[in-house]
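Several structures are given next for inspection.
Two complexes, one shared chain (chain A), two partners (chain B, chain C).
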Partner chain A sequence: MPDTVVGKSVSRVDAVAKVTGKAKYTGDFVMRDMLVGKILRSPYAHAIIKNIDVSRARALPGVAAVLTYKDVPRNRFPTAGHPHALDPKHRDKADRTILTDKVRFVGDAVAAVVATDELIAAEALKLIAVEYEVLEPLLTPEAAMAEGAPLIHDDCPGNILSSGGYEIGDVEAAFQEADYIFEDELETSIVQHCQLENHISIAYVDSDGRIVIITSTQIPHIIRRIVGQALGIPWGRVRVIKPCVGGGFGSKQDACLEPLAAAMTLAAGGRPVKLELSREECMIDTRTRHAIKYRIKTGVTKDGKLIGMHIRAIANTGAYASHGHSIAMAGGSKFRVLYPMRALKYEPYTVYTNLPVAGAMRGYGSPQITFAVESHLDNIARKLNLDPVEFRLKNLVQAGYIDPLNGNAVRSCGIHECIARGKGLIKWDEKKARYKGQTGSKRRGLGMACFSYGSGTYPVGQEIAGARIVLNQDGSVQLQIGATEIGQGSDTVLAQMAAATLGLPVDMVHVISTQDTDIAPFDTGAYASRQTYISGMAVAKAATEVKEKILDFVRGMTDIPAHALDIEDQNIVYKHSGEVVMPLAEVALQSYYDPVFARPITSDTSNNARINAFSFGVSFAEVEVDLKTGKIEVVEIYNVHDSGKIINPQLAAGQVHGGVSMGLGYALSEQMLFDEETGKPLNNNLLDYKLPTIMDVPDIGVDFVETFEPTHPFGCKSLGEPPTIPVAPAIRNAVFDATGVAFARLPLTPQLVFARLKAAGLVQEGGDGCV
Partner chain B sequence: MLKKISFTVNGTPVAIEVDVRETLLEVLRNRLGYTGVKKGCEVGECGACTVLIDGTPIDSCIYLAVWAEGKEIVTIEGIARNGELSKVQKAFIEEGAIQCGFCTPGYVLTATAMVQSGKQYTREDIKRELAGHLCRCTGYQNIIKAVEKALEEERKEGGSHAANR
Partner chain C sequence: MTRQYLFATSPAECLALLAAHPGARLIAGGTDLVIDLKEEKRQVHTLVDITRIPELKIIHEENGRIILGAAVTHTRAAASKLIREKLPALAAAAAAVGSPQIRNAGTLGGNVVNAQPAADTAVALVALGAEATILGPEGERRVPVEELYAGVGRSKVDASREILTRFTVDLWGEGEGSAFTRLSPRRALSLPMLNVAARVQVVDGKCTRARVCVAPVAPWPFLCEEAAAVLIGQEPSAGVIARAAAAAREAARPRDSLLRGSSSYRKDMTTVLVTRALAEAFSLAAGGKSN
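And then the complex of A and B:
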């Protein structure tokens, strides 16, 4: 297969549209007669709605509809963006209704107004009188799991959404044989996606009576199904259109707005209704990342081999299930191939609390468990007086390893080379020696952390992807995919794959970026870092089929056997010599207009990829800790990834930059804060929530170890989420190296760091002197 | 209360009655159809709604439309001339500074004002000038590179742009 286009940094196919302001996002669709929807939100974290009086709101001129739980279908539905499971036991928890009679977090939707403009809608919200019976708010998993705690969902005893887990081997027996046992407790914080485009949907009823929803989503086909379930109507009566999306990072792998938007247009006689969240709403009533507490116990032999590990995890999933049950399990399964050991026991509990809903976010449980395990490993290395890199090298996976629980195999494995490169880039040995025995108020340290991750969700989830290619009269093609572009660059890399297969330049591949469930091929969407790998397989399959049809058509025109032909640089050529037979455009034109043999060439295919591939990588970080202030400066940071063959180096580096930046925020500054008594959000805006600004992000070093993954036609593996995963533990380990203080929670804010440094005796009273 | 105001958008004169409570962002997007102006926070935190007002980058979400009386407004739609992308736009594409694209118009406008200023900027200066914009996709790396490149291109051409103003 010629791969002249694959591996090149071609410009994004949507770059010109985006840099000129022509790219259309959901909010840019303007419709005549469009109404505005707004949501009344609960001031209480946990309460029963005793009574709602909406009569004054309904009477306000300009109000088209007011909705409460009494006015909408009461069907319970799941919101998580997963393929529908035929087996009811494997379905996502259906714990939502479009509006609720029991509020479960501050900001939960109580009622909704549809009005002619925003000001009237806002005014109408104030006229709704709600009588609440306030219940005890359960703001931590401990409180929610305590004996006698009220139930957040009546069908969920102990407020435990899910538990379970697994045991490989016999962990107690392994501990018996271990020379050392180490234990740690570590925890992560609640953070938010903060994609620049807030959640927004526009819904209307079309002339055929079907509900059309233009929406900013990662998962249009799944949204169609969920809206059908929520309204209790056949799924085919819903049409979902996904235009340009201004970032998602997992928060749009969930049905946050669409069922309510659909209910709003139905209540307003089918007129278009725009439901757009403000930033403040978006940060509390879409999704967050689960805060997870871990207790880890590990058995090690005296030569530094890990032989058994027992991980207990308690994940705070907030008020509704969303992806909660799945995230605890995904985190516990994707990390485990990194250090195969004789025994591994994983015991997760996912617990409902009266906080905003946690769901999918870049890494899907892996940033949390990787922070815990990689920090724990550095604690062990220090106690055993081992270099953290050497300790890991004794335990790392090798190619050929097969996960004993799901059968996924490590076929390509560049983690050892990633570590070697990262070590060289940061000058690990040299700086380690230089920073020994530092004194003074500013201390430098080095840290690193590794990760493993999947490419897609197989075998837990189904991995269907669809692609359609049409050969145009001029020899260009349309490429239509069900995979969704949300900024990560999937349209471009998929176009590169089609171009490489068909011997075309990328600008002869016209990507249809909008997914419309009426016409886009079926694909479950952007999540699990699946599209380059999974959807790429479908594109390669469709392009190969088109190529075969083209060469077969040429055979009809020339009598040259198809197997002797190839396509290169838009020409049909002899495979053996490269001699040009005819231009592709000539074949294309003939395929449309030949009086006898015309048969325009297309492919419309689907691929059920019953396979997975592990990607790997490492972060190396150097920090400087100011003992007087607790401030941490990241001096250097390098991420080195094995994501298989890199399809587009510039876009790939962009994924790493963004992922590392998100990891830096996770490590140092980001945290959703809530009033400890009431559960009220304290920083749900971009001023008080500290996501990294341009001033906070250092230069990010990126390198790739390009293995070739044999299960993919182009040799690639996942890359979208992975860069976020190892950053926080690498920084934490660097701070540990600099100070000797074993930090156990995120984020490492100056306040937290200073308090711990002081407690450790590194800072004298008043913070003036340093010991 | 309605008030009639006049201003130019990308060189085109506009006369329009606006509600005195409306922001420039709302008028540009909802009334005049300049949807390249993005709404990310509505309170001046994110910079996605940046436009040039008499050449100065301003968050249009915290700028009342009535204040625009007599001003020259430039939105992202006015940056490319006759289908030709500007230096800043080309640099953003070449350096891979675009991902989801939602913050891009704002950055391009601030960078355009920097290029037009004729001033010299260190890397730290560039960061400070762009600090009013948030981006969650790029880690800012390629945005900085793109702005450096556009400034360098402008310098090589002897600041013709600034001289024209």
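And then the complex of A and C:
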């Protein structure tokens, strides 16, 4: 296969459209007679709606419809963006209705208004009178699991959405044999995706009476199904269109707006309705990342081998299930290949509370458990007086390992090389020696953390992907994919794969970026870092089929056997000599217009990938801690990844930059805060929620160890989510190294750090006059 | 709901417009006011914009004083050579506000009249001993900035009938220095958890004048006389600075806020920030370079 396109930093196929503002996002669709939808939100975290009077709102001129739970179908539906499970036992929890008669978090949708403009809609919201019976808000998993706590969902005893993990080997027996036992408790915070484009949907009823929804989503085909379920109508009566999307990070791997938008247009006689959330709404009523508390117990032998680990986890899933049940499990399984041990027991509880809904967010449970396990490992290393890197090297996975529970195999494994490179980049040994015995009020430290991750969800989830390729009359192709470009660059790398297979430059591959469920091939969407790997397989398959058809057509034209031919540089060539037979364009034209043999060449392919591949990587960080204020500065940070073959180095580096800065925020400053009594959000805006700005992000070092993953035609593995996973524990471990204080929760805000430093006697009272 | 947006071309016209339109209020950069209007914290019928009044935008030195128009933006205050040289605390405070967009729009006058206790440039102006000139229907008055506060978010300047036109800062002459320090959870777009501005003068090796302002440790920018009292008459040294910082810590009464920081943390940080601000101010007073 000619390698002129894959592995090259070709420009994004949508770069020009995006920087010139021509790319169309949902908000750019302006329609005649379009109405505006707005949502009335609950001021209480937990309450029953006793009475709701919308008569004054309905009477307001300009109001087209007012909806409460009484006016919409009462079907219960799940919102998580997963493939539909044929087995009812494996389906996502259906705990939502379009509007509710019981509110479960501050901001829960109580009623909705459709009006001719935003001001009227806002006015109308004020005219709705709601009488609540306020219930006790349960804001922590402990409160929700306490005996006698009220039920957030009547059918969910103990407010426990899910439990049940796994045990590999016999953990208690392993602990018996261990020379040392270590225990830690660690916890993470609730954070938000903060993708650039807020959630937005436009819905209308078309001339055939079908519901059309233009929406900013990662999962158009799944949204079609969920809207069908919510409305109780055949799924084919729903059409979902995904235009350009300004980021999602998992918050759009969920049906947040679409069922309500559909109900709104139905209530407004089919007129188009735009439902767009403000940032403030987006931060409370879409999805968050689960805060999870861990208790970890680990058995280690004298020579530093991990032999048993018992992890208990309690995940705060907020008011509705969303992905909650599967996130605790996914986190608990993707990390475990990193350090294969004789015994591993994982016991997660996912608990409802009266807080915003936690769902999918970049890493899907892995950032949390990786923070916990990698911090715990550094605590152990210090107690055993082992270098953290050496300790990990004693325990790391090797190629050939097979996960005993799901059968996924480690076929390509660059983690050792990633660590070696990272160590070199940050000058680990040299600086470790230099920073010994520091005494000043600013202390430097080094830390690192590793991760393992999957490529897609197999075997837990189905991994179906679709691609369609049409050879045009000029020898270019159209590439249509079922999975969704949401800013991550998948259209470009998939175009590169098609181009490489077909001997074309990338600009001869015209990618249809919009997914329209009426037209686009079926694919479950953008999540689980699956596209380059999973959707890439479908693209390679479709391109290979088109290539075969082209060569076969040439055989018809020339009598040269197809197996002797290849396509290179837009020419049909002899495979062995490279001698040009004819230009591809000539074949293409002939395929359309040959009076006898015309048969335009296309492929419409689906691939059910019953396979997975583990990607690996490491983050190395150097920090400086100001003992006087508790402020942490990240001085240097390097992420080194084994994501197999890198299809587009520049896009891959961009993915790492974004992931690392997301990890920096997770480590140091981001957390959603709620009033501890009422559950009211305190910082659901970008001024008070401390997402790092460009001023806060240091230079990020990126490197790749390019293994070749044999299960993929181009040798690649996942890279979308992974960069964010190891960052927070690497920083935490660096702070541990600098101060000797074993921090156990995120984020490491100056106040938290200072309090622990003070307690540890590290803060010298009085000023030294230093600035 | 706001129905009218008018531009005043002079302070007198501004007063006339305010008087002529009941429910009118003056607007400068709008970075605070527009949010209040959106959140319906204020009902304003007519907005009178003062950003096109030339005399409100001056920055100059005149007879040993610095004059700053109330509609000078943070960007201009931060970039002005005069301010950076003569009033470095103010330049640093202005540079710390929000983001480039906010600094391009937000003004010194708005920062003071909005009356938040830890507004950055207000804290610097208090430490610098700035006086505000206010023009109202009853005529003109001059009031030290620290005396303009009636409570959190409540200014004694009534922007529905009065206009703050300028700030005047007397230069102290030989041996003066000023500095501003701030603790915030990120480097931009971040309201301070704590900020401190200090101005000192050293003559013949002794501190002759000192003003230290700490916020938010009171309902308004807190001019900490206790800290100043420790300094005056003393030879600047690490020990003296530490005692002044300890006095400031003692006097500070920060509140507990989940969002902005606990009382105990901010009390501890008062020591650190006052120490750092004073150390820098004294270093400048001794002819050092500002960082």
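The definition used in the following text is that the second predicted complex is superposed on the first by the 763 of 771 C-alpha atoms of A that agree within 3 Å, B and C clash if a C-alpha of one lies under 4 Å from a C-alpha of the other, contacts with A are read in each partner's own complex, and residues count from 1 in each chain.
In this text, a contact is a pair of C-beta atoms (placed from the backbone, for glycine too) under 8 Å apart; a residue touches a chain by one contact, two chains touch by 3 or more.
Since the structure is predicted, the reported quantities are computational estimates derived from the model, not experimental observations.
When the two structures are aligned on the shared chain, A:M448 is found in touch with neither chain B nor chain C. When the shared chain is aligned, no partner comes close enough to touch A:L186: not chain B, not chain C. Ranking chain B and chain C by residues of chain A touched puts B first. In the superposition on chain A, A:M695 makes contact with both chain B and chain C. Using the contact criterion defined above for the overlaid structures, shared-chain residue A:K24 touches chain B, although it does not reach chain C.
In the superposed model, A:M497 lies in contact with neither chain B nor chain C. When the two structures are aligned on the shared chain, A:S661 is found in touch with chain B, with no touch to chain C. Of the two partner chains placed by superposition, chain B and chain C are both touched by A:L686.
Shared contact residues of chain A, touching chain B in one structure and chain C in the other: 686-687, 692-695.
Across the complex, chain A is touched by residues 21, 29-30, 33-43, 45-46, 48, 75-77, 79-80, 85, 89, 92-94, 96, 98-105, 108, 127-128, 130-131, 133-144 of chain B.
Listed in rising order, the residues of chain A touching chain C in the complex are 628-631, 669, 673, 675-676, 682-683, 686-688, 690, 692-696, 749-751, 754-755, 758, 763, 766-771.
Here chain A touches chain B in the complex through residues 9, 11-12, 14-25, 27-28, 30, 119, 193-198, 244-247, 249, 278-279, 486-489, 650-651, 653-654, 657-662, 685-687, 691-695, 697, 699-700, going by the rule given at the top. Put simply, chain C touches chain A in their complex at residues 99, 183, 185-191, 193, 237-238, 241-242, 245-246, 258-259, 261-262, 265, 268-269, 271-272, 275-276, 279-280, 283, 291.
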